[in-house]
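Shared chain: chain A. Partners: chain B in the first complex, chain C in the second.
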Partner chain A sequence: MSGGEILLDVEHVSLAFGGVRAINDVSFNIARGEIRAIIGPNGAGKTSMLNVINGFYHPQHGRISFHGKTRARMKPYEAASQGIARTFQNVALFKGMTTLDNILTGRSLKMRRNLFWQMLRHGPALAEEIEHRKFCEEIIDFLEIEHIRKAPVGTLPYGLQKRVELGRALAMEPTLLLLDEPMAGMNLEEKQDMSRFIVDVNQHFGTTIALIEHDIGVVMDLSDRIVVLEYGHKIADGTPDEVKSDQKVIDAYLGVAH
Partner chain B sequence: MHILYLIFVDPFVQMAGAPDLLVQTLWEGLVGGVLYALIALGFVLIFKASGVFNFAQGIMMVFAALTLVGLYEKGVPAWLALILAIGIMYLLALAVERVVLRPLVNQPDIMLFMATFGLTYLLIGLGEFVFGGNPKEMPVAALGLPKGSLDFKILGGLVSLQKIDIAAAVIASAMVAGLALFFQHTRIGRALRAVADDHQAALSVGISLNQIWVIVWFTAGIVALATGIMWGARSDVSFALQVISLKALPVLILGGFTSVPGAIVGGLIIGIGEKLGEFYWGPLVGGGIESWLAYVLALAFLLFKPEGLFGEKIIERI
Partner chain C sequence: MFYREVGQFKTSYAADQAIFPIRQDRIGLALILLVAFVAIPLLGGEFLIASVMIPFLILALAAIGLNILIGYTGLISLGTAAFMGVGAYACYKLSTLFPQVNILVWILTSGFIACAVGVVFGLPSLRIKGFYLAIATLAAQFFLQWCFGRVGWLYNYNPSGAIEVPGHSLFGVAVTGPSATPVTRYYVVLCIVVAMTWIASNLVHGRIGRNWMAVRDMDIAAQLMGIRLLPAKLLAFAVSSFYAGVAGALMVFIWLGAAEPEAFNINLSFLLLFMVIIGGLGSLLGSFFGAALIHILPIIVRAAPNALGLSVGSATVEHLTYVITGALIIFFLIVEPHGLARLWQIGKQKLRAWPFPY
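Presenting the complex of A and B:
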């Protein structure tokens, strides 16, 4: 699906924390409808890049355009309202709340009815609540987590928590979905399930996906294009086949004799 | 054996013997309890949204009431003083969010807790500087609150209800109910719980931390103002009032720090418990039970049920 309209364009972005340069003059783009992987050894700046894209970090240099609009410093909730959703490397769920409530928080920006009516669960607010509930139930069906709908997520096993987190991101109906190591710590079966969900989301909902993942097999299978980072620099960018045969990438992953 | 009789039998004989006194005691306990619940609610709101025990809640109550009375004494009409006091609580919420919470985001909770200490002394200083340190009288009549008492001849005796107490109970109940609905059914309520659980995740689904914090601190400020008016009407408005807010601590331990219904039930148990204890068991130890019973109850809860009656989880901080 690559080669289409550019959804997100990252140009010459640099990010430093004091003297530590996390990202150094990195440029790449994400086309609408593709699955884009960001890979690289630990500490390469992958998560920092996601944090820049959804507004947690503000780069010192460079520009980011989303939907063709170049943006200034943007706050995370502004990124969310423009259609960027994400999941986190170490699951960040609302642990005291149920699966359903967690997914409902993804609808926060879509609820617009009067607070007074919401309090009384009456009138248009009730209709709105039902509509959002229905949407969330569809996501729950889609992710096959019906059985844990009412369970507090803090009590769930890790693999399911990752799925709930994906559900919450999907509830935002994002244009761009950022997944930070969606398969970390999963067994083979869980990885296969998660891969299936990611492909389904991409194909059925047309959601553009950017994902960070360490399992190279998964990355090669899923993604349309891959960007490779090392020590904050971009060392390769292209289709899985191109990246696989790139000498710099091989050196970065296997080490090189000096 | 006689001491056992005095502890376990005699008080109940007294209760049955003079039901009018029992009703009177229960009523006073109830009013106190509703006001404790209101104070505790102020703590719960902020604890839920930022995981921090707001030490400044008590002084916020005094500061709010002091602003109201101070403005009134300077010749501002009571209704205008009330509106101005609400406005000042809003400004306070904005300032706290901008100056304290925003710079300390993602810092350990203990730092925020210490920051609320700082806020406490800042508000004490500011209050004394602007309005002076003398106790002030709440302009009860000018605020349209009733005075006097209602007497009922029932149960073979006289039960006397202060009208201000009735007003306090009604207003506090209405506020408690309104807040409970607000935080359980609205998107802001859900967002609030989300923020309490995980800042980053809340941000990523499009919740604005800054906005939520302002809303929560402003709501806590309104609650503080209402409590300040009610307590101020029963005694005077002075800095000593903030000691009452410490009673919210056992209330919260009983009810659970994160639970709105917990704050209400906890408040009622403490309020009624300490009045009954004082009146029926107090003479056994020479009185004064009222001032420590709540804390002993809290201690027992900490030993046997540390998450409280309705708490979501074990309390791990403060």
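Presenting the complex of A and C:
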């Protein structure tokens, strides 16, 4: 739950692409262990915000502190090594590889054996490979995707691909997991499964989660606190109940009579 | 019916992570190695060993190198022949400067020199992709080939402009030069190719191979997994050029015995590209299939009229070889655009269910 230590602090971040101001002076924080939702109409700057957090975009103004360390610019692999994992709005799996290999890729940063041992694939390198395979099998069990372990992910249905992508992010043992529309294009049953996985990840692994989602029902049920963006501005921030009754949010979603 | 893994239960992840998890595959590999190491040298004639097997193995080695770059990492290169040339010329220079050193040492060292040159020409790969990268590697092809022809130091100011391989022996047995027997040369090539294929297979099945494929399939997501693009791409260039360099050194020292700069022209680069595409991108086995199709098939087609007792003029045979080989390449690509390796996979799948349809 919220109220604890601040894990990620976004302060006065602004991001512009040429003349288009995608994010305008937005500040919010994410507390350790909470599920934090970022919502807003299309084009509000939600995905840009995630891209700023994991280092794809460099904001022109503002600061981001993660784990108490402040940084202005950071490369994506640095974000990854600090424990920020991410799934994408359009599934971004490695299509030519199997489910298992995709999830094993998430262990890449934890594997230490160098080129020499990799060439031999015996002794320490093989032991390391097996050890990480065990870890990945636990994720595969957890996400109930045992049956597609050896299937190339390009051939899997969309709902399962989303699940494999979550598995790949979990393999990184992240402290902060960014989920960009994890339930887009899913049917009700798949949404329920995915919601269950998100809650389980949060409670069992203690992972802090930032979530972008358009299904308001899901967002209200899952999240501890919600940030609402519109046209790059923050218009509301608070618990689901506070946000639900906020006049600006109602206006943004339902429109205002002029 | 015979090719089935029924009853082969794996009780450890080690067994499941093995490169050949199915017993029949392991037996098949052992048989192939037995044929390559024992049957061919014992039973094969000089033509089979010197003109079919040695070139086939060397081309397959270069194709493996190119496959690591194109098939596994998704970086298109048209400079393979140039990197082979770097290996060949480096080996020539080193072995003429220090003739007393074991020639195998120089063959591997020239691989490392090709590797360094490959990394330099791989630097643009961070910024450019696809066809644009292909054009950048084309620059390597033309520039290096120009060096082989114009920089006299590289060919020891030989008036003919060619490099000629002096005789070298290993443990008292002639390995290169005119006095080396085909069987000896074949064993040298075979040992190097088997060892390097084993290493390549280990690499692509481990963390490094997965990182390469991640970069190939979705470089944005790969970065988020903590994979740094430049080191991953440069490593692919380095390994690929090392393989090309060793193949180039073997090509001159063991196969041809002498070479001109023209031996490493763009045609050879394209030939290797064809081998990789027809054999199967992202498959080591495919590299062997591709090399076999491009190198061995024309030899068979050329020999076929005589074997069948037909009297066809030699010029006609030459034309027919081109036509038939070309037609077969198109046929295989239509049947399976993903290459012969995929065809082999499908065949194995069918064989599992045989005699039932599924």
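The rule we apply is simple: the second predicted complex is superposed on the first by the 258 of 258 C-alpha atoms of A that agree within 3 Å, B and C clash if a C-alpha of one lies under 4 Å from a C-alpha of the other, contacts with A are read in each partner's own complex, and residues count from 1 in each chain.
The rule we apply is simple: contacts are C-beta pairs under 8 Å (C-beta built on N, C-alpha and C of every residue); 3 or more make two chains touch, one makes a residue touch a chain.
In this text the structure is predicted, and so the values were computed from the model without any measurement.
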item	value
When chain B and chain C are modelled together on chain A, clash or fit	clash
Touched partner set for A:173, first chain B, second chain C, both or neither	neither
Contacts of A:77 with chain B and chain C, given as first, second, both or neither	both
Touched partner set for A:109, first chain B, second chain C, both or neither	both
Contacts of A:193 with chain B and chain C, given as first, second, both or neither	neither
Partner chain in contact with A:93 - chain B first, chain C second, else both or neither	both
Chain B versus chain C as contact partner of A:11, first or second or both or neither	neither
Per-residue touch tally on chain A - higher for chain B or for chain C	C
Residues of chain A that lie at the interface with chain B and also at the interface with chain C	54, 56, 75-77, 80-81, 85-86, 88, 92-97, 101, 104-106, 108-109, 111, 115, 118-121, 168, 172
Touching residues on chain C, where the partner in the complex is chain A	12-14, 16-17, 19, 199, 202-203, 205-208, 210-211, 213-214, 216-218, 220-228, 235, 282
Interfacial residue positions of chain A with respect to chain B in the complex	54, 56, 75-77, 80-81, 85-86, 88, 92-97, 101, 104-106, 108-109, 111, 115, 118-121, 168-169, 171-172
Touching residues on chain B, where the partner in the complex is chain A	178, 181-182, 185-188, 190-191, 193-194, 196-198, 200-208, 258, 312-313
In the complex, chain A residues that touch chain C	54, 56, 75-77, 79-81, 85-86, 88, 92-97, 101, 104-109, 111, 113, 115, 118-121, 125-126, 129-130, 133-134, 137, 168, 172
